[in-house]
Every structure is written in C-alpha cells, then in structure tokens.
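Should a chain be cited, it is by its letter among A, B, C, D and E, assigned in written order, with residues numbered from 1 in that chain.
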Amino acid sequence: MLAIGVEAMSMLSNPTFLFYQFMNSISLGMNLFIIATGLTLILGVLRVINFAHGAFFMFGAYVCWSTVTFLGGAVGSFWLGVVAAAVVLGAMAFVIERGLLRYLYGREHLTQLLFTFAIVLIVGDVAKMIWGTDQYNVPYPHGLGGAVDFGFAKYPSYPLLLCVIGLVVAVGMWLALSKTRWGRIIRAATQDREMLAALGMNVPLVYTGVFVIGSALAGIGGALAAPRVAVSPGMDATIIIECFIIVIIGGLGSLWGSFLGALALGFVTMFGTVIFPDWELVLAYILMLGLLLWRPWGLFGHEEEEPH
Amino acid sequence: AGAADIKIGVLYPISGGGAIYGGPAMRGHDLAVEEINATGGVLGSKFVTVARDSKINPAAAAAAAKELITKEGVNVILGGLASSVGLAISEVARREEVIYIATIPKTIKLTTSKLHPYVFRTASNTDFEGDAMAQIVKKVNGKKLCDIQLDYAYGHDLGDGIAKALPKHAPGANIVMKLRPKLGATDFNAYITQIMGAGCETVVSGLWGNHFVNFAKQAAPFGFFKDHVYITGGEIASHEVASKLAGDYPDNVWSNTYELWYHSPTGAHKKFQARLAKKAGTNATAMWPVLAYNGVMLYKAAVEKAGSTDAAKVIKAMEGLTIDTPMGSLTVDAKSHQTNTGQFWGPMKKQSGEAYRRMEPVTFVPPPSK
Amino acid sequence: METVLQTDQATKAFEGFVAINNVSIDLKKGEKHAIIGPNGAGKTTLFNLITGHLSLDSGSVSFEGKDITGTAPHRIVKLGLARSFQRINIYPRMTVFENVQVALIARDGRSFHLFTLGHSLNREESAELLELVGLSDEAEEMAGELAYGKQKQLELAISLASNPRVLLLDEPTAGMSPAETVEAIKLIEEITEARGLALLFTEHDMGVVFGISDRISVLHHGELIFSGPPDHVREDPEVRRVYLGQSHGAA
Amino acid sequence: MQTGYKTTFWISCAIVLLLLLVPTLGSKYLIDLTTEILIYALFALSLNVLIGYSGNISFGHAAYFAIGGYSCAILLTTYELPLIISMPAAIILSGLAAAFVGYFCVKLTDIYFAMLTLAFGMLVWAVAFKWRAVTGGDDGFVGVNVPAFIDNRYGFFYFTLFVVTVSAALLWLICHSAFGRTLVAVRENRVRAGFVGVNTTRLRHTAFVVAGTFAGIAGSLFAMYNRGVYVESAFWTESGQVLIMALLGGLYSFFGPALGAAVLYTLQVGINQYTEYWPVVLGIILLIILMFLPDGIIGLAQKLRSQFSRKA
Amino acid sequence: MAQLEVDNIRTAYGLSKVLFGVSLTVEPGEVVALVGRNGVGKTTTMRSIMGMAPPQEGSIRWIDRDITGIPVHHVAKLGIGYVPEDRRIFPELTVWENLDIGRRPPMDGGDGWSEEQVFELFPDLKDIQERKGGVLSGGQQQMLTIARSLMGNPKLLLLDEPSEGLAPIVVESLRDRIQMLKTGGLSIVLAEQNLDFVLFLSDRVHILEKGEVVYTGTPAELRDNPDVQTKYLTV
C-alpha cells in the first residue's frame, strides 16, 4: 500500500498529470459552486439553511433527463432541459414559499431547518413517484462529448464549459447583488425585514424572489451535472453536505466566499485523494475544520454585531 | 386449507438511494410467492409476505427484523442488500433463532467469521467474484493492472479476492496501483487521470451501479476505454446498467451479472423470464428479481423437505439441499451455508443497429471448486 | 481621594479610523463622573475598552490598582465593575424576576452548580432588587414585553446584581420620559450613595448630567478635550461650540 | 412553581410505574419497542441540554451516541471487561470526546456551531468507518457480549428502564439547577450574560459535555440492545433524526424531547409497515407539526390545558 | 377632511391589550405630538398606523382611504414614513446604501430629497458614507434613520423619539430642521420625551396614559397647565 502511495506521489512531478489535476480541481470547484450559489443566496437573505437544496438539485437533473428524452435527444434538447429545470424548480419553489415557508420566517432557525428537511422527504418521494427508482443517463450535449486538445494534453470539453459557466454565474451574481438597487434591497432584507417593509419595499415579494432564484439555480446545477453522473435517487444526499461545507467555509451568505470555498474544496479533494488516499472520506470535513479553527466565521464571514 | 399461513419476512431497501435495487428485488420475491401459492402453497399452507424497508441502515434493519419476528411472528427472513445490513439482520436471526436467507449481501464474513446455524446465503460472494475476474485477466492477457475498488467492506473484500486468485490464474499479472474512492463518490476524475498516469493496460474493478456509470461517463471523453481493458465485478453487465447507459456504455468492458433477460441457459429460465416480463410489463427486465426469487424457492424446498416450518428442522433440511432454479441447480453447502451460485461473465459488445450493449459470448462461471 | 478606575493613554482605531486617541481618565471612589461629547466621539467605545468588550491598541486600564488590560469581560465583572448598555440588553424571553436572579446566581459563583436547584436561589434578594428599581409589579412578566423605559430599569437592576463598586452606565435615561428620568436619577443617586458606588456614565440629557455629576469629561473626535467640574464645562467655549450649543451653554 | 415541581415528580413516578408493567402485557414486541423508545428518549433528552437550554443546534450529536456504543461494545467484547467497568468507561469516554470537540465548537455560535459539530461528527463517523480492525468498519461491530442478567429481553428492559430513569432524573436536575438557569440566560443573550460575570464559553462547554455524556449512556445501551454497533449510528442523518425528535416534542420543555422520541419512533416503525412511501408521510406529518404546533406536542398540550382551565 | 384620521383604535400584542381606543387626526403640514410616560402606547400607536401592529378594532384613514390592516409596504408607498425609536438601520449596508434603500420618488412628481440635501441636514453623515451602518455610534444611527426615511419623500412622518441619544447641539439643529420640513408642508406625528422639543415644534399635543388619550391641547395650553403636566408627565 505504501509503495503504491509513493507512486501516486511521484506522478505529481509529471507535468501532464499536474495539469490534469489542476483542471480537475477547477472543474469540480466550479461545478460545486454553480450548485452552492443558490444555497448561499437563500441562506444569506432568508437565513434559512435549505436542506431541500440537494433534493431540488436532484429534481433538476430528472427534469433535464425527461426533457431530453421527450425531445428524443435532438440537438439543443439538453439546453432546453436546463431551462426546463430552472423553470420547474422555480415554480416549485414559488409554491413552497408562498404556500408554506413564508409562515415560518418569524420562527427559529431550527424550525425552518426542519421545514426544509420535511421538504426533502416529500420532494424525494415525489421524484420517486414520477421517475421510479431507476437510474437514468443524460448524454453529453451535442459536440461536448469529446475533449479539447491543448497540444501537450487533452481535456474533456464539458467540464471546461462548466468552468466558464461557473465564472459567468459568479460575476453575474456579484454584479447583480452589489451594483444594483435590487441587490441592495436583497441584502437589506437579510438584516431587517420589518424595517425594509416600512420603507415601502414589498418584502414578501423579495423573499419569494430570492427563494425562487436560489431554487432555480439548484435545478440548473442538477441539469448541468446530469451528463456527468447517473441521474438516480440518492444523488441529493452527498451534494447537500458538500454545499453546506462550501457555504460555511466561505462565510454565510458571501458570494465570493462560496466561490473560493468551492475552489478550495475542488483542490483539496483532487489533490487530497492523491496525496492522502486514506483520508478521502473526510478531506472535506478536515478542510472545514481547519478553516473554521483558523477563521471561525469563514473566509468572508464575521461575527454578528454585538449590542453597543 | 386448514393449516396456518407461513409468514415470510422480507427486508429490502425500498426508499432512498437503495430503492434502485430493492424495488426490482421485491418484484422477484412477489413472483415467487405468487407462483407457490398458485400451485397450492407448501404443506397446505400459503406463503404470506410481510415486507419492511431495510433502508441502508443496519440499526433500522435490525429493528425491523425484530419487529417481523416478535410482532408478526414470521417464520423466516429474506433479503438484505448492503453487507452491514446483512450482518445486522443475521445477528437478530441468531438471537431470535429464526432463519435468515441473505439473497444479495456478498460479504464473506456472513458465511465465515460471523457464521451461525440460522444464516444462509443464496448470493455469490467476493471470493467467487475475484476468482472469476482473475480468470478473465488471464483471458485478455493482462499484465499491468490497476485495481480500483470502493473504500468499504465489499470493495476491500473483492480486492482481496482478486489478489488471492491472480497467482492461481494469471501469475504473470501484476497490480501496480490500488485506488480506493469512497463509497458514493460522484467525481472520478482524480482516479481516471491517475490510472492514465500509471500506464496500466488493464483495470480490475468492483465499482457498481451509479459508481460505474459516473466513472464511465467521466472517463470516456479522455479516450480512457480505448487504451484500457476494464474488467469489473458489481454486475455491470446487468440490464439495468446496460440499458440505461445505452450508447454511452464504454467499449472494452468485461463484466458479470446474475441473470440476463436475453439469455436463457435453461428452459426454466425462459418460463421465469416470461412470467417476470408479464409482471414488469416489459421484456427487458432487471437482474435483481431472480436473486430474491431463488431465496424464496430455497426456503420453500427446505420446508417441503423438512415437512415442517420448525427452524431446526428446516435448517437441517436446507444443509446440502439442491434445488432447481431458473439459472440451473443450486446446492447449499452444509458447512458454510453458502450456495454455489455462479454468475455470467463476458465482454460487452455493441449490437448492430442498437445502442444497447449485450454480453457476447455469455459464459457461465460456476464458483470455484475447493 | 482614592482612584478606583483609570485609563492610561487608551487608544483604539477601527481600520485606520482612530475612535479613541490617548485618552487618560480616572474615577475616584464614590465619584459621579460624566463623559459627554458629540455623537460618535467615542464614549461607548471607551466603555467597551474599559469593560474588556474591545481590546486596546495601546495604553492600559486599571481597576483598584490592578492592571485589567486584556482581561475577559466576565472576569472584570467579577472584580466589581458592572455596566449597562446604550441599547437595551436584557434576556427578552425570561421573566423580569429571572433576569435578576440569574445575575445574582452568577455573582455568587453558582453558575456552574449543576446539581443545585436554581428556582429557590436568591429569591429574596431578587425581589429586593426589583423593589429597588420599581419593577416589583412586573416581576413575572416577560422582560421582552416591557416598555422601553422599564427595560432600562431592568438593565440597571441586572447591573446592580453583581454588587459592583463601580458602575458604568451608557445613557441610562435615554428614552425615558421626564417622569421616569427623575425617578431613575433619584434611584441612581440613592443606590450609589447607599452602596458607596463610583459612577462613570454618559448621557445626552444635560439636566441629568449637570444634575448629578461631580465631574465632567468631554470627548471630541476620540480625544479628551476637557475635564473638570460642571460649572467650568458650561463655560468652556470649545465645549459649547462642539457639543452644548446655545440653549444649554447659555443656561 | 414549587407545586409545579411536585406535579412533575408524581407524573414521572406514575409513568415509570406504568413502564414497569409493560412486560406483563405479554408482547415481546412491545417490550422491544419500549426499550428502543426509552433509549431514543434519553438520546433526545441529552440533546435538548444543548438545543433547548443552551440554544446551540448540533448536527453531530450522534457522534457521542456512537462513541458510547462502540466503547461499551469493544470493552465488553474485545477486552471482555465486566459491565460495571465497561459502561462507566464508555460514558466517560463519550464525555471526554465531547469535552475535546466542545472546546473548539463553543467558540462559535449558531449555524457555524452547527456546522462545526457536523464536521466533528463526520470525523467520528469516518474513524469508525476506516478503523476496521477495532470497529469492524462499515460491516459494523457485530456480536456484543452482554452479561447474563441482561442477556434476555426482560432483564434488558428493566436495566434500560433503570438507567434511563436515573439519567433522566439527573438531567432534570441539571436543567433546573443554577447552571440550567444560567444556560437559558446565555441562550437568550450571550453578551449580557458575559457582563453579569458568567464565563459563557465555559458554560456552553459544560453543557456540551453534559449532553455528550448522556448521549454516550444512550449509545452504550443501544449497542448492548442490538448486540452490535454500526457506523450509520454516527452518521449526520442520525443526528438529524434526534433533532427532529426533540423539536417534535417541544424544545422548551424538559420532557418534550422524550415524548417526541416516542412519537417519532413509533410513527416511523408504524408507517414503515404500511407503505414504502413512508418518507413522504413523515414529511407531511412534520410539516403539519411545524405549521400548526410551533412548540411541539408539549406546547399543544399546554395550550389546551390553559384554554381548558380558563373556561373552568 | 383630515389627512390622517385615527379613529378609536384598540391594539394588542397577543393577549396583552395595549391601546384602548386612541383617536387622533393630522392635517397637512401639521405636527401632532404624542407624549406620556414610558409604556403608555406611543410607539404602539405609530406601529398601528404603519401596519406593523394592526389594530383589532377601530380604523385608520389616510387621505380618504381606509388603510387599516393593509400590508406595511403599502402604507409606506402611500407616503407615510416611519422613524422607529430603536433605530433599525441595516447594519451590513454602508451609510450611503442605507440611504439608497430608502429612496422613493415623491408621489406628486418633483425632485424630492437627494443625498446632498440630506447631508446638509446631517453633516456628520457625509464623512462616513462608506462606513457600515452597524458600527456607527448611537447618535449617528439616529441621524441615519431620520435621513433614510426622508429619502422616501413621505407626506407624513412618524417620528418616534427622534432626539433620543443626540447631542444637545444636534438636537437643536434637528429641531430647526424639522421646523423647516414642516414649513415645507410635511406633516408629522411626533412621539417625544423632550418636552421643550415638543412644545417648540408641535401644533397639537396628545397626552397618552395607559393606552388612552387623556389630554389634548395646543402647546400654549399645555404650557399654561402645570396641573396636567404634573399629573401625566412628571412625578
């Protein structure tokens, strides 16, 4: 076992292998970021830890599969699937928020958390009722099943595309939140709901909007993940913990925090599995522990203001 | 009429991630019970199924097993999926002195270190599987092997099984790299690139179900399956994986399955297949039903032979018992309580005009004789 | 007279903005010392530095001759220095009675008694304290539902519970009606008198400031610009210019 | 108020008395079910010291349950030590583990706290998973040796009842002690509590240790009851489950969580018997409780009682 | 017809009743003061008008429209601004962003308040535009709250204890500024403990006691009525 570990280590001095690992890390990171960003948004504004985010992610993947299958795998059907996932999840989120969640805003974190837990149970079973227990395969979108040739090495094109999408999402969200009035309103809503209403803002609408957008992002994340993984029950379970870890190490509700957190998780996972193969199970947790011991409130978070 | 029903407790995961397997298994189980009852039952009694969700949680499965025994008063327990669940149910069976037939769990411990009189297994085990894979390594003339297994009991045991069997069947082959991704892993890129870097021409593996699907989908764009022969346990040749991956199923894969709907080694299988197809509403059926089906049939035969449902008598009857199954005859080893369940092995080939891969040729590999 | 509390060249900056600059003040035994100054002058910050809520960039704080720079807040309280807050700071979902009782339990060092029933501890003393601040009637009400002024009274009761020798009050009468203010001031005077407390407080109500303080220090832009008896403060042109304005300055 | 304590005392006595009679009903299943519920009730009560009384949501509480379970099982079986040594040692080990983990966790609050406990909990899970030689890995530690006097359904039931009753009594005392009161104050306003001279960090740390220790007791009972310990017991979903139990019963009452454990466990076992779609049923029940019974079952009972007495 | 007409409202928090029939009217450009001891219901009256604590009985009319129980943000959009006693700035937003959140064009067109004008009113805020609201001193927060609600160009301002926590010199200038706003046509409901401030600014004073209006009069009348003052306002 030891000798084998050493061999893997020695591969790290091989530039092609290093390039692969580097790309692997970034693509995993961006993949996770796309999924986690919706969670960050919801957590930041609604202060709700949305356990159902993973279930929404799974649902998005299923919707994408159904769309692709319905269209017989025609060119472009995958991208329609992504849109469909966003729309369906957005609509679901709308119903959940308007019908139930909004009555719980005044209550404790724990109540809201268990609420989302209940949603996990329900959404999971609804998915099972619709799609059964089979696993499904979504082919890579047309023209993206191959690899891009960098001269010295080839790297699969689809993960590369995910990196680009991740970056676009990050920059887009950042611009929207910090440079627009709506962004400021959303941030204000995280801090004092009642006062925001007293300034004439339709806070319930803001909340609904944020929940819908965040959930649609989960759906998009699921649809975008679908070509790389088996679409099946249970795919929600691991992703939600990874998303939590990202959000926490980034600092609650911080966009760039979760961006960096996702990248960190990508690198730690990819290099960790090579250097400490026996620790793969807990690499993510160790990353989180280490980070929180170093910066207790995450990369970009800070302690709640205490009263003067 | 007259005699009381015989209650069969059955435990498969029917909720959550494990439901992919538990659902089809239940179908096979129900088919067996229906057939038995349609032909007048056993000793004049009907079989009645009491099903519970084992989840993939041993403590929950143990609690459910206890409930089946103490509340429902079942005569036997069938099922299990994960190894830990199998062991947990087995422990309850031992204490409550009720027979447990493990239909899916493969962990070797069940019939070795944790063996007790009440536990039997109709599933294959990791040593059988490793032995078959070593034979294929020989067949494809593999020399430099990479071994990738999931980091949990089944993966470790299968890895050991392969390592044990290699010197016997393929002495020239050498494992140069062992990789152990975690159970439930979804991103295999780090492993794919490591194998590519290590320069193996052959990969042995036990990545099952979704793990294989994810691995294959992520490896394909690298051109991975052009350069590597991929020999794998974990029933990757089964219909559920082949049909779902369809055109994305990679080339150069050798794998196994308990059953193939398109391949009938016996006349009994044809009939079984027809009935199952009717129940499932499709010809192309999964592999899991036959496992559950065989478990019920084994118990039925043992009760008939014992002439009673008394556990001690049934155990006696079961030891050394041989029954006919859709897959051929099956014998219970009197000492280890393990049946000689074999598996089909072969390369997966593209079919002309179809995306769906089939095993071609199909070879039945019986368990190694001692 | 003996000095009980002292800051020596205390300095504190927030991200380059100097909120407290070289401030040295002292509090004598039994003295009532007011700190006044424009909004944002650094009064609350100074209090936070003294009570250990914020750490000093440089300088030191000493209490009864002991250097307490860098000591944890709860230790400082135990030494005999208590404070109230500018914003209300109570236990909103506990009864008024329990608010005080818990403080007494802490004072007696019983917070870590896992096997002593809490219910019966310090009942009489809690009742007395509530009586003292005039909250006897509200003893069983949820503290969070009290009106603002009453919550301030409760704050005072909680602060007194630790038997302090020095009391730091950050705008104790802010938000109180004139009637309550008069009562509160009377109360504070009585209590400081009876218990021999030294009092360091901030306040923007000049009636209160000039009414009770023995000495007044003025902060401006984080610096101490004046310290002396009330009459002198009133006449100081600089203080009038930056803080008092016309009405109070003229009086 | 004092009379309130008295009522609690007598009601508790009555419940214990009724429980003593369970084995006479002649149903093995009922005995098993009651034993399981008692163990989960203790588990939930221990968690409530953290959640209800100190206001810290833990997602890693199952870790101490598992540590108690593994230690007790290993000491009894691998080292063949008597129960009188194994169980106390297991309890102390859980407490020590909680002391170690708590040291880091109590520096944080709220969601960060919850996530840190989750991370530590998963580390414990991973150790149990990987340390096959000692714990049996994901196969579980099967075949625990238990002493003869509890190696039967009845003996174990009475033993469990005894241990859970004594533990619950101790927990009650702790929650209503000077410490418990101060804990509530810290939950309500940490900063203020600091300024009346409470070392809030140490106080929360103590609560963490108390919770972990009693979870360890529940865990060691569970290991002996099942004659086995499995890694799933340390998984975060197990922590989630016990959290739901506590909330279901009502966090701000001492006995609520125990009641919640009884109700949820029975529900789960019950629903499981009728449908494979038990998660959706559970989800809907949970929703109804959250939407309509904000203070859990105990809260509802109190509301009904106060309405009743107002009419009377 | 008055601009704001509060008619006999009764408000409770849960089971505890706080207002027992409070009525008041405000004419355009008028300053109406609410005074009284702590806990008599001044804040609750304002929260009722704002829709934050909708009354169980009684009605609130605003320019010929019944606004009883409508959502808070609708009330705000109809031109009523609220400055709460506990400040409630958005701590994570900068001073400038806090002001921006409050921005709302005047209902009847025109330019309305700009940051520059607000900074003229509170020069202290100008230098700390980029500072986060949460770290401001108590008084700075108070100024920011008032400034923020002005940015919404309300027709009626509910000012809950605006002078609290402000330095005397600032109180003075605030008083003058409010006077200016009033001259500019803004109506104001003012809850205040500082009697001088009240007497200087208001057109009418209501004294509340235990959730009821027990006295109504002009400042002059109140000034000349030491009996009432002693009875309700001092010890």
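Heads up, the rule we're going with is that contacts are C-beta pairs under 8 Å (C-beta built on N, C-alpha and C of every residue); 3 or more make two chains touch, one makes a residue touch a chain.
Since the model is a prediction, treat every value here as computed from it, not as a measurement.
Touching chain A and chain B together: D. Each step here moves to a touching chain, and the least such steps from chain B to chain D number 1. Farthest chain from chain C, judged by C-alpha centroids: B.
Using CA-based centroids throughout, the chain positioned farthest away from chain D is E. Interface comparison, C-D versus A-E: the higher count of C-beta contacts falls to C-D. Averaged C-alpha coordinates put the centre of chain A at 44 Å from the centre of chain E.
Computed centre separation for the pair chain A/chain D is 32 angstrom, with centres defined by C-alpha atoms.
Distance from the chain B centre to the chain E centre is 75 Å, each centre being the mean of its Cα atoms. Annotation for chain B: residues touching 2 or more other chains are 15-16, 19. Across the assembly, chain C contributes 44, 85-89 as residues in contact with two or more other chains. Each of the following residues of chain A touches two or more other chains: 124-125, 128, 278, 281, 306-308. Chain E makes touch with chain A in their complex at residues 50, 52, 71-73, 76-77, 81-82, 84, 88, 90-93, 97-98, 100-102, 104, 134-135, 137-138, 148-149, 152. In the complex of the two chains, the chain A residues touching chain B come out as 1, 4, 7-8, 11, 14, 16-17, 20-21, 24, 27-28, 31, 124-125, 128, 132-137, 139-140, 145-147, 154, 156-159, 227-230, 232-235, 237-239, 269-270, 273-274, 277-278, 280-281. On the side of chain B, the complex with chain A involves touching residues 15-20, 22-24, 151, 176-182, 184-187, 189-191, 193-194, 196-198, 209-210, 213-214, 217-218, 220-223, 240, 244-248. Those residues of chain C whose C-beta lies close enough to touch chain D in the complex are 51, 72-74, 77-78, 82-83, 85, 89-94, 98-99, 101-103, 105-107, 110-121, 158-159, 161-162. Only residues 27-29, 32-33, 36, 129, 132, 137-140, 142-143, 222, 226-228, 230-233, 269, 272-273, 276-279 of chain D touch chain B when the two sit together in their complex.
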